[in-house]
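Have a look at this one before I ask anything.
Labels A, B, C, D and E are assigned to the chains in the order they are written; within every chain, residues are numbered from 1.
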Amino acid sequence: TTSAWCNSGNPLKFASIGWESGDFLTAVANYIAKNGYGCDTETITGTAMATETAMANNGLQIYMEQWVGRNAAQEKAVAAGKIKQVGGPIVGGAEGWYVPDYVIHGDPARNLKPLAPDLKSVADLAKYKAVFADPEDPSKGRFLNCPVGWTCELENSQKLKAYKLTDSYNNFSTGTGASLNSAIVSAIKRGKPVLFYYWAPTPLLAEYKFVKLDEPTFNQKCYTTLRDKANNAPCGSASSPIQIVVGMNAKFYDADPVLVDFFSKINVPLDILGPYLVDMNKSRVEPTAMAKKFFETHPEVWKKWVPDDVAAKVASSLK
Amino acid sequence: MFPTNLTFSMVAPVNDFVDGIVTNYGDFFHAMAHSVMMVLVFIEKTLQKTPWWLFIGIVAALAFVSLRKISQVALVVLGLMLIGSFGLWDKMMQTTALVVVATFLTVMIGIPIGIIVSCSERVRKIVLPILDIMQTMPVFVYLIPVLMLFGLGKVPAVFATVIYAVSPLIRLTNLGIRQVNPEVVEAAIAFGANRWQLMLGVQLPLAMPSIMAGINQTNMMALAMVVVSSMIGANGLGIDVLEGINNQNIGLGLQAGIAIVILAIIIDRVSQGFGADKRSN
Amino acid sequence: MSEIIVNQVYKVFGRNEKQALEMVKQGIAKSEVLAKTGCTVGLNNVSLSINAGEIFVIMGLSGSGKSTLVRHFNRLIEPSAGEILYRGKDVLKLNNNELINFRRRNISMVFQSFGLLPHRTVIDNVMYGLKLRGEPKAEAHVCGMKWIEAVGLKGYEDKHPDQLSGGMRQRVGLARALAADTDIMLMDEAFSALDPLIRTDMQSLLLELQAKLNKTIVFITHDIDEALRIGAKIAILRDGSLVQVGTPKDILEHPADDYVRRFVEKKVH
Amino acid sequence: MFPTNLTFSMVAPVNDFVDGIVTNYGDFFHAMAHSVMMVLVFIEKTLQKTPWWLFIGIVAALAFVSLRKISQVALVVLGLMLIGSFGLWDKMMQTTALVVVATFLTVMIGIPIGIIVSCSERVRKIVLPILDIMQTMPVFVYLIPVLMLFGLGKVPAVFATVIYAVSPLIRLTNLGIRQVNPEVVEAAIAFGANRWQLMLGVQLPLAMPSIMAGINQTNMMALAMVVVSSMIGANGLGIDVLEGINNQNIGLGLQAGIAIVILAIIIDRVSQGFGADKRSN
Amino acid sequence: MSEIIVNQVYKVFGRNEKQALEMVKQGIAKSEVLAKTGCTVGLNNVSLSINAGEIFVIMGLSGSGKSTLVRHFNRLIEPSAGEILYRGKDVLKLNNNELINFRRRNISMVFQSFGLLPHRTVIDNVMYGLKLRGEPKAEAHVCGMKWIEAVGLKGYEDKHPDQLSGGMRQRVGLARALAADTDIMLMDEAFSALDPLIRTDMQSLLLELQAKLNKTIVFITHDIDEALRIGAKIAILRDGSLVQVGTPKDILEHPADDYVRRFVEKKVH
């Protein structure tokens, strides 16, 4: 089986995604495309801004982990037909508002008392604003929002209104994923309470124990108000169910049905993925090495994605 | 390619080391950062509470004292009005608080160090590589540990800005002082100038053009750091730039960018005016 | 009484100072030392003593070490070897504070190339010495204006040095040294850029100062008439060595060698 | 707070404008960028093919010619070896290619403009605000359009680096020339120096300390841009820094950061050596 | 034949040039103009003519405008009013190229404050004029060395100006102007920092040059002996105005006024 795109001499460029699950998926797909389909592959680093821009302009072809409806630029490109989205490489992603487990249950081993024992849902937050006090303005709590410009930032800002938390919590922009992550890790290491937005699958959620706060069940009408900046009286709702897809440039999509078929079949089950992510984060294993390990230990998963001849080539390249 | 048998890695030990510090001393550093943060918050709140016309008035007055030209003052006022009419007034105030504090600290640190460096060849040899490190070590490398130690937001932003912006000021102060005509210095010494008098009365005034170029660079670099500051949770104009990036909203980013540029030019012109040679004839 | 005593002072400029100094001490000529080591001999075994209250004139060929010598008196230059005494105290052993005080109160200088502060006005330049030692501003201003008038620069007190002619700059340097009102004044070709009229006035001024206030004045000049008019003693340098010291009469009547004779010849014929 | 009835927005028109350009002229710009990229790729490939010992040898020879001190040359060699033993040799070569090209372009652009600015008060008044904009307009604001026009990777990286780094060089060249003693300039003119001779024979040599300070800043800023370059798809050391950030791998980032610093110091010292006053006595 | 003609030249320094020029033309005194407008009068209605091949001496009080006047000849200063002719051509109307050529081939200058290039060695400074007009390096070097020797600086050709004494620097400036070998030489107090021996040598050198090569030399000095020895004509300035021009004999025997008399008095008694 061969690829029309690669046979005509085009390099196949993957976006380097910059978080563990994305890096892992990219490494897996890259390896198969290269060794199974004989493509000339490349993974290009860049911020989401740069890579999303390049995707729309055919500077890159493949973006292995796109969250549908969670990035404005991407939505625009999809709507304009410049990016096609296929498959479901990960099923069962999650997002929401989290607090470390020790804030609710305490941690005797570290001598941490439960500071918010009755915290279960977002409705309880107002009561505990002093626990999450904002150092810049201690009369309110601090909610660590997701990086500026992401769709989740807007949703969370609207949710603060919907949950009537604007008087008791400051909406704190963390700027980037890295600084959000660092702030959380720092709080955990020091045993301090912290309230934040996060998503899964991620090493952070896989590594530490967190409690996800309950939200009203998903409701499309309310969700629409959450995505409208101008709406000052939104109603509460969990975010829409998560759909993770492979994004590809439309030109590539049109040119190469074979590879499109491959990409749309890729799927790594969460229970396999989770430990890999922690491993990548903790012991700093390179994504490519991780991919090889995955090929060796879980042939039953990836062999379903490709025709036998391709599978054989990949298998033989592993030796 | 470099032979692989010669390679080693410092990744793991460094990570462990940082982890250890955050776990064991994180609270201490957070407490330290808190007082600095309170100062910053206070300035920001004061600026934000100032009515916009009063703020423009004060800046215009400053500009007049410094530049002595009505046309320039008018441009300053127009610039501020433009930022306001972009709807960026509040964010501008946050950025101003940050930048003014960072620039102030930088000047307070940079000029004395520049002076010390100019006085001794040995000190210069030690300080120069440190400056190189401060200026080229990518902010993000040390920013994550700093963030973990000091908390999100303003404090690490000021910290990073000062580290990044102080280097050209030190260098140019040093250069300026070293370029002062030795005959003039000799004359001052001959009349019994002590170190202090020599520095304040002769070397610094004659080095002023270089030092002002250093302060200009400090201003520029401090404002160039506004976006980085927002990446680590400092409010202000940088947030709009980030939002513009992440949403491919070029207009939004450009608006904030223009506001940053206007702020830079105003701060620069006013400070340069104060340092300029006021010789009338 | 000896105000300044110079004792076997050597000065060599350049990188191989030690080596060159050895050569000089062995009596090798200045030009040869220069050719061999690249070092310039500034002073070569100079010893002399200057009495309090006298005008001591130093003469010599261009490059013979006159400026170098007087710069040793206020320690702008450290000698390669030798000692310099002021009222019996070794100037080279003064600590930093003592040296600063010595320069503020006891010795002032007019520089051959003026050494004015380009960023200050004429009056500020003239007041500079007074300000350094902390005199009240008003008094310093009065004193400064007095000397600006004395050197004929009234009306120019608010100009900057780059707006003045060469001779006017020199007079600013002169006024600055006069205003400092020290026991010793080092004057390195202090009148070289002045026209004869102003020059004569300035010479009279110096003589008056010396007579009234008993100042010790070390005066470098190339004008033998001037030297004879104001000098109580004249020293003649050649290639860094002292050739002769004496009263004008001595020098005129008993020149030590041909070199000195040619120097004073112009006057004689 | 600024009154909201005075606000307006330029977001939508700007976005439309950029969209239009990209749609209509994108291909043309991409083709243009392509040729620049081929040069960069060629340099990068050549550097990467050079055996490591040869590369170190060449740099050491250059350092010797410039610095004339064995101890300094030894440090240069050690620094390169250290980068190699971090396993960053290839990435270093990519970064070197980018930085050397960007620095070269910056110097070629900056010094002539600095000279022109120094000759005319009017030009200075026009150029200065442009420099302010180039230095403080956040890279990301114009990077998105540039990226849309030129594609990902090296070309926009060089573009951004030159824009960011050229400003201090222009300023310091201008300052240095303006500070040259007017009496010396007058003498040269009196002997019939034409503009060219005056500039090359008198003004530039006497302005050298300032110009070298400008080149130093250019080097520093070019290397400070390495991370930004990697954010827009240029390979090199910046990638490890980004990865370090994204994965909380401080050690990885630090290693790359150290490599960047070493590179900066080597480039700086060697170039400063070439510009230094070689006066022996 | 007149080499240089100066025709009703005025020069005012300062911001209110126009206003001050008006005042000067109305005959208001220099000090009053300064006090009222802050402008300094440099030249006030100066007209004179200098013949080819003569040594023309300019004298006057410090600040009387001598340097300002000669700077007009090679157009380092543009006059506020008036015209300057070189061999009948208006210097002020030369275009840029003509002006550069004029400076390279026809006129050279010794500066009162030397104006040496601090980053170049003595020999490079001396060769500067030759290099500017593109003479071959080897020849220029030979020529430069010749003049370095002539001014007595052999052995110092590789030093930089800051390693020289004041008089040595002045001689470098002198050698530079001599090496340029132009028809006109402007010498602004070119010997002021020299000792009498070297000074006499230099005077002889000038006389020889003038006699052999028929150079036109404009010479500023404060030394009346020097003026009388070398000057074919002497001009005397005061506060920017020309008081008298004439042969030494004229000036000595028929001084135009008291001012001139006092200037030359020194010689008479």
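List of remarks:
The working rule: a contact is a pair of C-beta atoms (placed from the backbone, for glycine too) under 8 Å apart; a residue touches a chain by one contact, two chains touch by 3 or more.
These figures come from a predicted structure and were not determined experimentally.
Counting only chains that touch, the fewest steps needed to get from chain A to chain E is 2. Of all chains in the assembly, those touching chain C and also chain D are B, E.
Distance from chain D peaks, on a Cα-centroid basis, for C. No other pair of chains shares as many C-beta contacts as B-D. Most remote from chain E, judged by the distance between CA-atom centroids, is A. Each chain gets a centre from the mean of its Cα atoms; for chain A and chain C, those two points are 82 Å apart.
Separating the CA-averaged centres of chain B and chain D is a span of 20 Å. For the pair chain A and chain B, the distance between C-alpha centroids works out to 35 Å. One finds 52 Å separating the Cα centroids of chain B and chain E. Taken residue by residue, chain D touches two or more other chains at 140, 144, 242, 245, 248-249, 252, 281, whereas all remaining positions touch fewer. For chain C, residues touching at least two other chains, in rising order: 113, 159, 163.
The set of chain A residues that touch two or more partner chains comprises 47, 49, 53, 176, 178, 182, 185, 284. Residue ranges of chain B in contact with chain D, taken from their complex: 1-4, 6-15, 18, 48, 52, 81, 84-87, 89-90, 129, 132-133, 135-142, 144-145, 164, 167-168, 171-172, 175, 178-179, 209-210, 213, 216-217, 220-221, 223-224, 226-227, 238, 241-242, 244-245, 248-258, 260-261, 264-265, 268.
On chain E, the positions that touch chain C within their shared complex are 13, 31, 34-35, 40, 59-64, 66-68, 112-113, 152, 155-156, 159, 163-168, 170-171, 189, 192-200, 222-224, 262-263, 266. Residues 47-49, 52-53, 71-73, 76, 135-137, 144, 147-150, 172-176, 178-179, 182-183, 185-186, 189-190, 284 of chain A are the ones that touch chain B when the two sit in their complex.
Of all the residues in chain A, the ones that touch chain D in their complex are 18-20, 44-47, 49-51, 53-54, 57, 59-60, 176-178, 181-182, 185, 280-281, 284. By the touch criterion given at the top, residues 22, 26, 140, 143-144, 147-148, 151-153, 230-233, 235, 239, 242-243, 245-249, 252 of chain D touch chain A in their complex.
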